[in-house]
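I'd like to ask you about the structure that follows.
Per-chain residue numbering starts at 1, and chain names A, B, C and D are given in the order in which the chains are listed.
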């Protein structure tokens, strides 16, 4: 394999599809959101993307089977609305600058072939969060951005960079006459963050008129909150132990003195 | 996008144009100088350069619109003089060795197509500065260098390297039969440095017989001087606080002893 | 040399060959295992692989002769069984992501040309080891994996990554209709580990119905154990010396105080 | 410039030429040795090599002129002997693995075109040195190595790697039916080391039957020895000052206590 390739498992015709991308990144916001969409909508996988620009390891699944790092395309037929969905998630982003451009290019060519006119990319925005995480939106044009703002997101502060696939895909989209929106959920980013993913999904649901049950996501949020609580507890014990050692050391010095 | 591309927005015929490059770099000297020229001369954008060798993020502008990192070409028609100007600035330089060579090559090909016979590159030269920053000049030949020296710059010390686009462009220019001058303004380099940019602009104005109002630049210089003053004040407070902590610690040890 | 090349020294026809790969990696488990097979089976070298993606140094052999880093293919004719063997080992793996994919691709193309239908890759699995190292297996499909499990290995924990050639070869094998098994011997990994290699060889021998004398390997294991013992002794002395210094320092403080 | 190029300034026919390479590297041994040969033999430059794999800066010379990093080929007509010489030195080696292979390939193609049948590469071998630095030799074959050993070098210890151009050139030479010898002068390597270069030149002179005046090199050796002496003196003062501070601190603690 010398170049990025997309292998179609099933030939599908889609109705004005919207592509939603969520690859691994800050707080895993994009991947969590898109995987949740795939599960809730019972979307079907129809294509896989492989690239020599992904990292050079493979993963073992629960049956002991090996597979190359890949990105996966799913589709969902929207019986009641105008737009079918293409959902894109995966194991990895490209590891180099040139790789990022090549992979984004391959994805956009595929999107165009499938007649997608708009792409939504999802990611995290590093911030301390209090309360419900906000969603920052940016887009290929102010008209397109309006759709995201009307759905409850707020405009990304000017000058802020969007790193990786979520950004490069939209930057290159213009050259292919494809519109694009980037939605970034606020997240501290050091742990998988289903709460930020929920905020983004809420915006997507409003934008696309989707109705989704978010109960399973709430369960994830509860689990992560417990893990964080546990980590805080361990950290506190560590600090207490440290203070104790310090106190004992001082006593020794005092004794020596 | 697999290669560096230059997209012309407007087809323009230029009169013996001189290309002046100022991309991000040490003290932002080049970018500040060329952006100032563009603003004062009311130069018009006519081409954009994109490259898979730039960093893999995109930027959001004040309207929430996304754009790929790019370099931009502006032109200015010189009604009273012999040479029109092409002004080149942008968001980024290439990230790898090979990328630097590829992008410089694309810029030079474009310059040749537009009949540019000379290129001026602008950057910073890292030094502690007292008084007005000096401008160090080097060139593709001693004859060309003379023009810069006559305009008030001094010759770069032999052996000094010129890193990045400002250097590679001139190194490659020879192979395209294009003359080149590099002007580096002295700068400590840890902050945007409009003062160094002013020194370089003064040399350029003399060389090209341009008359420019530098008042706006003086305002920038004043603002940066204030920021530096503020940073110095904060640093002093930090040091005073540190000395206080240290004093208290010593008292504690004395007490223990 | 611009691409990876394989140079055949001898044209050989092989009977349903199985390729076993063991390149340098964690604990040198793969390289030790495959080199032992080559020596015990008196396998013959028949091809060499060179690549511009290997590191940029050369090695000097015992006669003062220089050679480029390379990988080497050996063959062994299996008089009593169904499958001849191709044994692959060498000095280096590729240094970049893209290099890993290119080299693996070249190896697989060569394997296919030689009619290999199955590849076994060998490496190390980082773990503290007590007693006999276990062997973790994964494969291109559950059916193929079964052969390795029946021979005494255990299934790799899901989610564990297989880094480098041992992984990428199998990930790409699917695209060439070649089956693959990866065998990883448990190893702390900070030293060449013939013990882990022995565990893997035991699994391979059972799988392929080979009978091998492992006495020489036991000698290696004994030697490494002695080196480890020696290192432990030195470390203990160092610690004792450290404690002594510490004690003296405290006495000085006490005296000063 | 997308690839490594060699530009011939003068078309020369050479008599059984031997190519001697000395590029920047450990202790600058190779570059010092080859530059000394060029100067003493009054060799003439006849070709330049440029590569997008060199570092991305340019250098300014004593006249303020800019030039790309380059490698340079000189020739010397040997009136009294069988072999003319091609001498190769320059500003830089390639910065990446792939670049090292590409540049070495270009050099070897050029050598072959000029009918060179043997290449001598020169570099440093990192070691603490007492007395006259030894020269370690390795070669593409034991027969070729013998010539170097007979001239007073000793065989490189097996397993030692030869990093960079000095190694890769010889590794690739075999594929072009060119013989090669690598001569490494012992050097601590932290400073330009004309002493190590002198040892290597002595071996080369014996091998090729050259008579060279080494007086100028002795002057260099003397200068570097003085610099080292000066650095040692500064280091000692620093240590003495450190001890003084330490003593004062102890007194203060004692006083506090």
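In the analysis below, a contact is a pair of C-beta atoms (placed from the backbone, for glycine too) under 8 Å apart; a residue touches a chain by one contact, two chains touch by 3 or more.
Owing to the predicted nature of the structure, the values given are computational and were not obtained by experimental measurement.
The minimum number of touch steps linking chain B to chain C comes to 2. Chain copies chain A and chain B are related through a rotation whose angle, from the C-alpha fit, is 90° to the nearest 5. Counting every residue number used by either copy at the chain B-chain D contact, under half are found in both chains.
Chain centres here are Cα averages; for chain A and chain C they lie 36 Å apart. Chain A and chain D have CA centres that are 51 Å apart.
Annotation for chain C: residues touching 2 or more other chains are 253, 257.
Judged by the touch criterion defined above, the protein chains form a single closed ring in which each chain touches exactly two others. Listing the residues of chain B that touch chain A in their complex gives 1-2, 52-69, 95-96, 99, 256-257.
Across the interface of their complex, chain C is touched by residues 94, 97-98, 100-102, 105, 137-142, 145, 149, 155-164, 167-168, 170-172, 174-175, 180, 182, 250, 253-254, 257 of chain D.
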